[in-house]
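Chain lettering (A, B and C) follows the sequence in which the chains are written, and residue indices restart at 1 in each chain.
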Amino acid sequence: MDEKFDCIIVGAGVAGLAAAMTLARNNMKFLLIEKGEFPGSKNVSGGVLWGSDLAKLVPNYWEEDAGWDRFINHRRLTFMDDKSTFSVDFKSSHFNETPYTGVVVLRSKFDRWLADKVQEAIEESDFAMDSFIAPNILVEEVLLENGKAVGIRTGDEKFFADSVIIAEGVNNLLTRQVGLQDDYVPADHILTGIKEVIRFDQDVLENRFQLRGKSGMSNEFVGFATDGVEGGGFLYTNKDSVSIGLVLGLKDLREKGKEPYEILNTFKKHPAIADMIHGGKVVEYSAHVVSSGDKRIMPKKLYKDGLLICGEAANLLMNAGKAIQGMDYAMRSGIIAAETIVKAKKAENYGEEKMKQYQNTLDDSYVMKDINNFQDAVHLLHDPVMTQKMPNLICDFGRNFFSIKNEPTQKARTMFGESVKKHSSYLELMKLGWKGSRAL
Amino acid sequence: MKIYVCIKQVPDVNAPLQIKDGELIQDADRNILNAYDASAVEESLVLKEAHGGEIEVVLIGPEKAKETIRKALAMGADKATHILIDNDTAPDSYSFASTLSAFFKDKEYEYIFCGKQAQDTDAGLTGSMLAEFLNLPYTTNAVGLNLEGNVLTVKRQGDGGQEIIELPSPALVTCSNDMNEPRIPNLKGIMQSKRKPVETLSLADLGVEISEDQIKTRILSFEEKPARKPGKKYEGEPDEIAREIAQLLDTKENVI
Amino acid sequence: MSTLLTYISVTNGNIKRSSLEVLSRCNELAAEHGFQSAALIISDQTSEAAEKLKLHGPDAIYTMEDPIFKNHINAPLLKALSASIEQINPQLVAFASTESSKDILGALAANQNAPALADVSEFELTDNGVKAKRPVMASKIISAVEAKGSPVLLTVRSGSYDVAESSSDASVETISFSFDEADLKATLKEIIGATGDKIDLSEAQTVIAAGRGVKDDEGLKMIDDLASVLSAGVGASRALTESGVYDPSLQIGQTGKVVSPQLYIGIGISGAIQHVAGMINSKVIVAINKDPDAPIFDIADYGIVGDLYKVLPPFIDELKKMKSEK
C-alpha cells in the first residue's frame, strides 16, 4: 500500500475527474485529491457543459436522471439596453438527439455524481483497493526532484507517484509553484463570475421557458446586462431553477468602482429579466474568478518532467460571446493528459519529451484550435463598441421597427440609419463588422 | 478495551433543500456523518490512544451509508458493522434502538458511545433507549470524558450546570459536539480505511424485523417554517440608528 | 377516564414556567376531550410547588418526594416515572423540554414500550395517539409527526404555549417511592458552574446573545450593561462557549438551549443555522453585525449594520434614558 502511484491528480473538478476516469478505465493506480469537503463543494459554474465528451466518460449518461439537469435545444443571444431586448433565437430538434451538444449542470451535484462514477470505475479496475479519491485534503506542494515531479505534500504527509496531473482550476497556485506560470497576472486578463440559482416550481419553470421533459434553454446577454462594465450575462434553465449570472472584467469593475452584486441586481430588475425570474426564490449565491480566455495569460508550457497541467489551471477557457466554454475544455484536456500518462507508463518513461505529447495533442485538438482561432472574438467582446454601443443601437432600431404609430412608417433602412447616428457611426460599425467577420 | 460507537448517516443540514407536496427533497443528496457521532468517534479514539483497545463503529442504514462508515474508519476506527436496511424503510429511534440492542445482545464491551442526537431529526432518543434495552447505566449530553482505571468520569451538560458523573463499565454515553473537535481524516487514514474490515449484516441476521407496528412514531409530512415577516436593515450613523431602534422597540414593538 | 399527565419540573421549590406552558396545553386538551389533566411533581420537596400548581388548574396532582431528587440523576427519576405511569395509567405524559427530561425520555420509552416524541412545538390528540409538529434539520423545516400507542411520551419546546391561570381545588395525592442508593451504578459527584440565581435563559423574556464579534472585556462589559438595563438573560453562540468566555450552559442553538423570548438581541453573531435553530421563535429579533451580508440579517426584524463597539454605547444610553422615564 505504501508503494507509489502511477499518478496523483490534484483537484476533482471537471478536469481532474475526467483524467481520473480515464486512468481508472486504463487500469492505472492513482490518487485523486480534492481540497473541498466533497467533489463539487467548491465549484461554481454558470452551467452548460458543451460538446459530447461527457459521453466518452459516462456512456449513455442521458439514460440516467442523475448528475445533469437538462440538455440544451434552445439558444438565445440577447442584446439589451435599459428597457429593451433584441434577441437572436435558435431552437432546433436537431439538438434533441443524443449525444447532446450541451447539458446544463449544477456543479455541486454534477461533480459528486461524476466522482461516484469514477469510484465505480476504480472498483472495476485492478486497483480497486489501491486507487483513491480523497476529499477534504489540500495539496500544499508538488514535490520536485531535479526538476522532475515525484509526488505531493499535504501537511506533513508526502505521497509519491511517477507522475502528477495538476487540475487545480483557475486559482493555480501549484502551477506557479512548479514554475509554469508567472506569479503576476495582470487584472485586465481576469474576470469575475457571479451567479445566483433561483428556484421555481418545476411546472412554472417548464411553462415559462417552454421546456419539455429534459430540454433546456441557454441565454447569453450583451449590453445593459453588465451596466457599462465589460463582460456579459447568462441565464440557463436547470431542472427546477435557473442559473443567472454575469462575467465581468475585473479591471474595468475596479476602474468604474462598481460591485458585481449591484450589477447583478440591476440586471435582475431589467424588465425582460424580471419577467423571466419573478416568483422565484434565490437559493444559492456564489462568486468565482474566471479566466478571460486571453491566450496571453496561458502558461507557455503545460508540462514538465513527470507533470501535466490541465483545465482552467492552464487557463483553458473561452468566452467569445456566444457561450462560456471552460468545462468542456477542462474535460478534454483531462482526458488527453491521462492518455499521455497511460502511454508514458507503457513506455516506462515519464520524461519531458513524453509529457510534451500532451501539449502537442492538445494543440491539435479543437480546444487549442478554437482558442487560437477565436482570440480576436475574445478581444472583441471586451470592446466597448461591442458591449455598449451595439446593444443600444440594436435595441433602438428594434423599438422603431416594431412600433406601429398611426403615422407614416419609415423604411427599416432609414430607421437603422437614425439608430446608428444616435449611438455610434457607420465608420465605427464598419470597423466592428470587419473585426467581427474576421473574429467569428 | 472495546468501545463501540453508533454512527448515523444524515443529510447535511447545510445543503439546500426544498419541500414538495409534503416531501423533503435534498438538492444534492448530500449526506454526512452526524456531527455528534463524529465527536463520539473522536472521543473513542482519544481514549484508545491513551489506554489501548479497539474501536468499532456500528451503523444502520442503506447501502450508500458505506461512505459514512469509511469516513469513521478513515478517522481511525478499527472496524465496522453495517446493518443494512433498504432505502424505503423509515425506522424511528425506537426501531433503531431495538435493532442495535439485538446486535449488542451477545457482544462484550466496556463502553458504547452514541451521538447526543441526530442532526437531521434532533430526536436524541436512541442512546438512552439503547441503554435501557441493554440495562446499562448511561449518561447523555456528555461534554467531556476522562478514564482512570475502570472508572469513566463524564462531564454532562445539565440544566443548571455541568454534572460530573462516574460510570462503571459497561456503560453507554451520548456525546455532544461541545466535547471536542473531530479530526479530519488525513490521506493515510483515507487510504487505510479501504482495507479495514466492514461486516455487513441484515436485519434477518439479527433476528429483527422493522415492521409497521414496531415503528411507533412516523413522519406524516414536512412543512415550511412559517416565514418571518421580512425585517429592515439599518445602515449609517451608529448613534442615530441606535436611538431609532431603541425607540421602535419601545413604542412600536412594546418589548422594552 | 383517560388522563393526560404533565410532569412538572421543580428546582429549589420553584416551578419551571415551561412546565406550566405544557400543563396549560394539557388542561386545554383535557377539557376538549373530556379527559382528566393531572400533574406530577417528583422532587426533594413538593408541597410548596403543589400548592402553587393549584393556580394552574390541573384536575389532580400527584407528588413523589425523596431526597435523591435534589439533583437530576437519571436512574431514580426513571424508576419514579415508571412507577407513576403504572399507577396513574395516563394516555399521554408531557414534559417541558429540558436537559433533564431529554436525559430520560428515550429510556422511559424503552422501559414502557411507548412511543416518544422529543422537542415538539405543537401537539394534539388523535384517536389512538398524538399528532405533533417538530422542527427538524436544525429547525430549517417542520415535520408533522404521529405517534401511536399509549402512553405517548413527549417533550415540548419552551415558548410553544402560553401559561393560563385557572385555580383548581385538586387533591394532592402522594405516590410512595423508595430507592436504595446502593443500587445506583452511575454516581453524581458534583455539579459545577451552576448558574444559580441568574435568569434562566429558556424562560427569559429578553435575551441578549453574544457572539465571536464580542472580542474583549470591554465588549463583555457592554453586554452586561445592556442585559442589566433590560433585565435580560445573557446567552452566547458556540464561538464564545467553546472558547470558554461563557459557560456552556448558556449556548443557544441546536446543541444548546432553545429560547423564545419577546426580544432577542444578537450581537456579533453571524447567524449560522445551528445557532438560529435555538432562537428563531423569538418574537422580535434584533441583530448587530458589521457584515451587511451576515445571514442573521435574513431573519432579523431590526438589523443594525455596524460595529457593535460603536452601536452599543448609544443604544444602552438611550435605553437607560427610556427606562428612567418610565
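Throughout what follows, contacts are C-beta pairs under 8 Å (C-beta built on N, C-alpha and C of every residue); 3 or more make two chains touch, one makes a residue touch a chain.
Bear in mind that the values here come from a model prediction, so they are computed numbers and not experimental data.
Arrangement of the chains shown, judged by which pairs touch: a linear chain-to-chain path with two open ends. With centres computed as the average of Cα coordinates, no chain lies farther from chain C than A.
Central chain assignment: B. Criterion: smallest distance from chain C-alpha mean to the mean of all protein C-alpha atoms. For the pair chain B and chain C, the distance between C-alpha centroids works out to 21 Å.
Here the spacing of chain A and chain C, counted between their Cα centres, is 51 Å.
Between chain A and chain B, the centres computed from C-alpha atoms are 39 Å apart. Residue positions of chain B in touch with at least two other chains are not found.
Those residues of chain A that touch chain B in the complex are listed here as 1, 31, 33, 38, 40, 106, 108-109, 112, 129, 132, 134, 136-137, 154-155, 157, 159, 199, 283-284.
By the touch criterion given at the top, residues 11, 13-14, 17, 19, 22, 24, 92-94, 97, 116, 119-133, 137-141, 143, 153, 157-168, 171, 176-178, 216-225, 228-229, 231-235, 238-239, 241-243, 245-250, 253, 255-256 of chain B touch chain C in their complex. Residue ranges of chain B in contact with chain A, taken from their complex: 16, 18, 27-30, 184-188, 190-192, 194-195. Note for the complex: chain C touches chain B at residues 11, 71-72, 74-75, 78, 98-100, 102-111, 114-119, 131, 133-149, 185-196, 206, 230, 238, 241-242, 247-249, 251, 254-255, 262-263, 273-274, 277, 280, 283-286, 292, 297, 299-307, 310-315, 317-319, 322-323.
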